[in-house]
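Chain nomenclature is as follows: A, B and C, assigned in order of appearance, with residue numbering initiated at 1 for each chain independently.
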Amino acid sequence: MNFYERMMNLDRRWIYLVIGLVVVITAIFPFDVPLYVTPEVRSIYDYIESLNPGDVLMIGVDYAPEVMAELHPMTYAISRQCFKKDVKLLLCCLHQNGPGMVEQVISQVSKEYNKINGVDYVYLGYKPYPGITILAMGQNFRIPFPEDYYGTPLDSLPMMRGLTNFDNVKAIINISGGSGTELWINFANGRYNAKLAIGVTGVMTSDYYPFLQSGQIFGLIGGMKGASEYEYLAEKDGYISRAKNQLSAYKTMPIQTTSHLVVILFIVLGNIGFFMSKKKKSRI
Amino acid sequence: MGTEEIIWNGVAAFLVLCIYTFLYKDTPLYKFAEHLVVGVSAGYFAVILYYNGFVPKLITPLKQGQWVYIIPAILGMMMWTRFSKKWSWLSRFSLAFYIGSGTGFAIPLYMQNYVLRQFSSSMLPMGFSSWALFCNILIIIGVLSALVYFFFSKEHTGIFGGTAKIGIWTLMIGFGAGFGLTVMGRISLLAERVVFLREYLLELKYYLYLLFKYGLPL
Amino acid sequence: MRRTLPFALVTGVGFFMLVQYFVPKEEFEIAYEWILDWTIVIGCFAMLLGLWSLTRVNISKVQRKTPGWGYSLIAIAGMVFMLLVGFIPGQKSLERGSTFMLLFEYIYIPIQATMFSLLAFYIASAAYRAFRARTVLATILLLSAIIIMLRLVPLGPLSEINQWLANFILTVPNMAAKRAFWIGVGLGVTATSLKILLGIERTYMGRD
């Protein structure tokens, strides 16, 4: 077996070791990474900036722990920005393993800003069949959610007075790690003309540019990079603080940089090995 | 971090490392963590479903005298007959209700939002006088040629074949973009876990330093 | 009867949902809201099917003492323990700080997040072993991917050019390709839904 064939037959655990070492070393020795803020992220940030105290923003948090690395930072940054501006939040979760994620965010962020459940925010909770739930919320939030996540009747919550359906919220930000985003676009925006923006994982980002161009969504936060861009904007205006360790997406960017370089190197090396061993075989 | 947080985060860090042993081989530690999460997630979901689903949507309305909710409850219980060979035909009624409602509103909404709205957004002004207008030409050519590529009822030869070829090139650029973003997505998950471990180890180091220095748990 | 009545129900409910979209009458709105409401209740029962199936499989493994039955016991123990701490009388289980939520935060979240983080290793391995520029199309795909990946790498004076190129790829050819894909999805869903409503597609009912 020549060198290139040995290169091609390398045990995959060596590759795991290399990527593991790169990630760990970068984590121990981080560095600042310059960020370019994309228009699709800025449009969401600027929209929330334009809201007034007392306005209600709905956040549909539809993800589970497996994608929280990319989506939790977005939820935290948007929640902090809204609470600092005294914008009220209406949250719901349509992913079966996600309700605890929302509880984690809202209980922490509401304490930071002394916000009161039922007055400054309402967490509706979880219901199955996300498409049906979105359609029902478009008619009246009380159809799918007669009570909030904690079991309190919606009608007894001061914030819910005057809040009937999507017409009474300024916009909906859907932060999703799965097919929930399509349902929000199709049903909330498609049927009820709700103003909608989305935050999705890196894997899903490229799929939603058609909806951005058509105007069905007014903004798109794509993956960890999008979350870092949002945190960058929020930090600049004092909504989140590096000193309080609130830049959870941005601090992983150095690891992203070095890992991406290694993956590109792997692609190049793999192709060199492939073509060289093919060339040698054809000579024989 | 206080003592309780250090211990709980220590449990989390141990479970993280159990999962990472899979990179070497399928170890008992990995299998333990894998089966533990299966059980914990099932139990978690059952509790959430009870408090967020059954209580507000069934138990509370029935307690308030809204007996009409017995009908969807019966339809729901009929779903459970799927496990019985003799009675599984009853589950068809519940399934029929759900599928009927789902397919009914899907037709106008999917046509409107995924087809008509997407087509109308592709009707863009074209020209060569600005970069934006030129990009619009590329978008229109890209959309139409990709749609031609997906039409397999006609052989891809001649002008049709040439258009389909432009379509597959457009699709490959799109898939490449998707792949590039997928790499970012996957690396993000690893990066977050490593940062968690780093931060826990730093907190643990500080906690132990304070413990040995002052001799008191926090 | 066992198949005819369900099909009639599908067609009836389906056509009502289709028609009510276009009819802005109050009676239709009320019936629409009832259907949505009842479907959510049915959904709560349907979700339990998966849980029961999981429990049944693991219990049967333990009973038959198949290889690895100890792990099934761990799964069952995990589930039972979560149910016990979730239904403690008087405790607000769903609030942060409860034992139930502590187990969710420090057992479920770390394991689930770490399992998916293994994908990073697999994609690195796949990048080395499988991503080959064998054809022109594959080369276009890889080049497009590399330009997008380089967005995250500071390239000094080349960074601005790369950002511009990446933005162009995402908003022009990628957008066009994905638009064609969504149009196909929309047409496919519409066609399948019509087939279901008209009774042409019946596989979802299963066999007698």
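Please note the rule applied: a residue touches a chain if its C-beta (ideal position, glycine included) is under 8 Å from a C-beta of that chain, and two chains touch if they have at least 3 such contacts.
The shown structure was predicted, so the numbers you read here are calculated from the model rather than taken from an experiment.
Colleague: Counting contact pairs per chain pair, which pair wins?
Modeller: B-C
Colleague: Whose Cα centre is nearest the centre of all Cα atoms in view?
Modeller: Nearest to the common C-alpha centre lies chain B.
Colleague: Using the average of all C-alpha atoms in each chain as its centre, how far is it in Å between chain B and chain C?
Modeller: So the centroids are 4 Å from each other.
Colleague: Distance from the CA centroid of chain A to that of chain B, rounded to the nearest Å?
Modeller: 12
Colleague: Roughly how far is chain A from chain C, going centre to centre by Cα mean, in whole Å?
Modeller: Those two chain centres are 16 Å apart.
Colleague: Which residues belonging to chain C are in contact with no fewer than two other chains?
Modeller: 21, 36-37, 39-40, 43-44, 46-47, 94, 104-105, 108-109, 112-113, 115-117, 120-121, 123, 127, 142, 146, 149, 152, 170-171, 174-175, 178-179, 181-182
Colleague: Scan chain A for residues touching two or more other chains and write them down.
Modeller: Touching at least two other chains: 16, 19-20, 23, 66-69, 96-97, 99-100, 127-129, 132, 135, 144, 149, 191, 206-207, 210, 213, 225, 256, 259-260, 263.
Colleague: Considering chain B alone, which of its residues make contact with at least two other chains?
Modeller: In chain B, 23, 41, 44-45, 48-49, 51-53, 57, 98, 101, 105, 109-110, 113-114, 118, 121, 139, 174, 177-178, 181-184, 186-187, 189-193 touch at least two other chains.
Colleague: Applying the document's contact rule, which stretches of chain B touch chain A when the two form their complex?
Modeller: Checking each residue of chain B against chain A gives 23-24, 41, 44-45, 48-49, 51-53, 55-57, 60-61, 98, 101-102, 105, 109-110, 112-114, 117-118, 120-121, 139, 174, 177-178, 181-195, 198.
Colleague: Report the residues of chain C in contact with chain A in the complex, numbered from low to high.
Modeller: Against chain A, chain C makes touches at 21, 29, 32-33, 36-37, 39-40, 43-44, 46-47, 92, 94-96, 101, 104-105, 108-109, 112-113, 115-117, 120-121, 123-125, 127-133, 142, 146, 149-154, 159, 163, 167, 170-171, 174-175, 178-179, 181-182.
Colleague: Which of the residues in chain B come into contact with chain C in the complex?
Modeller: Within the complex, chain B touches chain C at residues 8-9, 11-13, 15-16, 18-20, 22-23, 31-54, 57-58, 69, 71-73, 75-77, 79-80, 82-83, 88-89, 92-101, 103-111, 113-115, 118-119, 121-122, 135, 138-139, 141-143, 146-147, 149-150, 167-184, 186-187, 189-193, 196.
Colleague: Under the touch definition given earlier, write down the residues of chain A that touch chain B in their complex.
Modeller: 13, 16, 19-20, 23-24, 27-28, 66-70, 96-97, 99-100, 125-129, 131-132, 135, 144-147, 149, 151, 185-187, 189-191, 201-203, 205-207, 210, 213-216, 222-225, 248, 251-252, 255-256, 259-260, 263
Colleague: Which part of chain A faces chain C closely enough to touch in the complex?
Modeller: Within the complex, chain A contacts chain C at residues 8, 10, 12, 15-16, 18-20, 23, 33-34, 36, 38, 64-69, 96-97, 99-100, 103-104, 107-108, 127-129, 132-133, 135-136, 139-140, 143-144, 149-150, 191, 206-210, 213, 225, 253, 256-257, 259-264, 266-267, 269-271, 274.
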